[in-house]
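What follows is a pair of complexes built around chain A, which joins chain B in one and chain C in the other.
Here is the complex of A and B:
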């Protein structure tokens, strides 16, 4: 399900299936997308931040189009304890690989992988980033 | 900081320069400039002999000069800047009164000590290169330098993040009466036809805004730059309902200088020349590393 911002319209609340993973997309070429994500984060229930939220940063292939500072993204990662994935949407290989990663994360968050919880996977991702 | 810019350096003003980063030069010597001028002149003459198609209006009967600009640096630990000029000789006589400047190139390093001090013995650091004139001359001079000093030139583009730093820094510099407006140009992405938005701000208003944002004189933080730009964006949004933050900042023009993201710069005031060169040197060094 795609949305341009949160909160989702309340009219369809009763029809909506359970949400297992929220991926916030930040376009590094657009300061506006960062502001939009920051505003939307305020509408997310705290329980999601136990491994069910990630940040997907796009547009990273073109360093000279950068309008969002890397530190701003890392600040979000630290404040909301959620991993950051980088993706260049224009390259098919990277797009496919990122989609597969997200799918894997989703399977874990939905509880389909026995023995791995969203929380443990989330902290595993964050610890490997710090190295 | 040296703010004086004697006559030679003033030749940098009010011309549009293309920016490049250059890796350190191997076995370069500031004492052999005359020899380099002769060698480069010979190389260009050889291109003419080869009869290569060089394009309309490019005259290969040129005189080459190499000049040192010792005042164009941040301090004694920087390599003095070097100006290379090509002047076309009139075909009738070779008297210098008939020479017309057709191309200029300037290698410089302003406050790049951290970089130059970490480079091996035989290398000279002049990481910022400015070129003005026909692209063909730039290519010929560039390839001679690459062959002679084993260096590499790379076009230096300026990201929107860096352009917004320039907008904030240059707005903060003191403004004389009748200074020109601060102008920002944005390119709107994802449209079938390209659309540019030009946002002009009265220089006194811009400076007043910057003064309320900047906390410590002489120091600028990323938060202050972001706040400054956000104020400008919200003001624009209030009036035009357009989110400039979703567009790409491509050009910044102030009374100090004007910079474009494709990597061109125009210096407008000699007083701030070194300051702008210092910023550009930093960008060039980070591209090299």
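Here is the complex of A and C:
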């Protein structure tokens, strides 16, 4: 399900399946996109932040056009205890690899991988970033 | 043949892309078809231009012919220059029948009386466009063929498109000459500038696809499904909002291609309004600020902002009014709205 912001329109509540993973996309070229994500985060129930939220930062290939500071992204990561993935959508290889990573995360969050919980995987990701 | 004329022709030919040289020389018509056959257009441009100059020497070309070639070049490649738009006005209701010969005579006479050292050339095109090329000299020096102004005047309209030379001081004289020659009373510079001459014409002649109120708008769903390669597993939560944005965008910008402008400039002459604790608003003088939007194609990029999710729809009217108001330079003063530049005569 693609949405431009949260909260989701209530008219479609009855059509929506259970939500296992929320990926917030931040376009590093647009401060507007960061603001939008920050505003939408307020509408997310706290239980999602136990490993079912991640931030996907796009547009990282174009260093000259960065409008969002890395600090701002890290702040989100720390406040909301959720991992950050970086990708460049315009490169097919990176796009496919990122999709595969997200899919893997989704499988874990949906409980399809026995022995790995969303929470443990999320903290694994965050710890590996800090190193 | 004069040295300067030869050099000028050589340099003009060098400007033309190699594949276009033959066509342009044919348009020029100064060299005969037989002469053109003798030219080798597959060699380096340097050599081609030397050969052309040699043929022109044989035909005894003078500055008039050289200027004609230059006008043709600028007519085919107008986007290499920056154009400003001027609007002429007359007080009465009289619609004089436009006499081309009379216009040219008056123009030449008026300009040459004021400044002896000028080269003036005219060329008419099918769409009632009169191209005027002026090379400027000084009271003591012969005209410099490389310091030229170009004027495009559509005689059936009050609009003149001017690509001024680097010598800014010649502009008032040029304007006065135009007014006198065309039997108008006044001329003012519109706040509209661009490299793309055709787009400027589209804007002032209202030739671009304008939006009209439709009572029965086509439902957008029809168009979306057929044109996009939609994967049915992707569900758009905000479909309604997306459709609203597309609809609003279409109402504002219309369906057709936008005229091509490279920038929009907003000069702010408003007082600074800020957080009261900062005490900056104690300053009563206007806060001088210039905001400039640049783009290879400004209006198309503005049109794509809201659908791309980079801005809210509808966009600020300051941006969307550009084609309707036929201006891309604005002064924003205090209070509601903004005031356009005042009517000025040179």
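By our rule, the second predicted complex is superposed on the first by the 131 of 131 C-alpha atoms of A that agree within 3 Å, B and C clash if a C-alpha of one lies under 4 Å from a C-alpha of the other, contacts with A are read in each partner's own complex, and residues count from 1 in each chain.
Basically, contacts are C-beta pairs under 8 Å (C-beta built on N, C-alpha and C of every residue); 3 or more make two chains touch, one makes a residue touch a chain.
Since this is a predicted model, take the numbers as computed values, not measurements.
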Which term applies to chain B and chain C once both are placed on chain A by superposition, clash or fit? clash
Counting only touches as set out at the top, which of chain B and chain C does A:126 meet: first, second, both, neither? neither
Identify the partner contact of A:77: answer first if only chain B is touched, second if only chain C is, both if each is, neither if none is. neither
Please indicate which partner A:32 is in contact with in the superposed arrangement: first for chain B, second for chain C, both, or neither. both
Touched partner set for A:3, first chain B, second chain C, both or neither: second
Considering only touches as defined above, state whether A:101 meets chain B (first), chain C (second), both or neither. neither
After the superposition on A, what does A:12 contact: first (chain B), second (chain C), both or neither? second
Let me test your reading of the model: by the given contact rule, A:65 touches which partner, first (chain B), second (chain C), both or neither? first
Clashing chain B stretch [against chain C; choices 45-53, 99-107 or 189-197]: 189-197
Common interface residues of chain A with chain B and chain C? 30, 32-33
Residue ranges of chain A in contact with chain C within the complex: 1-5, 8-9, 12, 30, 32-33
Write out the stretch or stretches of chain A touching chain B in their complex. 29-33, 35, 63-69, 71
Considering only the defined contacts, which chain B positions touch chain A in the complex? 157-161, 164, 189, 222, 226, 229, 233, 243, 245-249, 261
Complex contacts: residues of chain C adjacent to chain A: 234-238, 240-242, 309-311
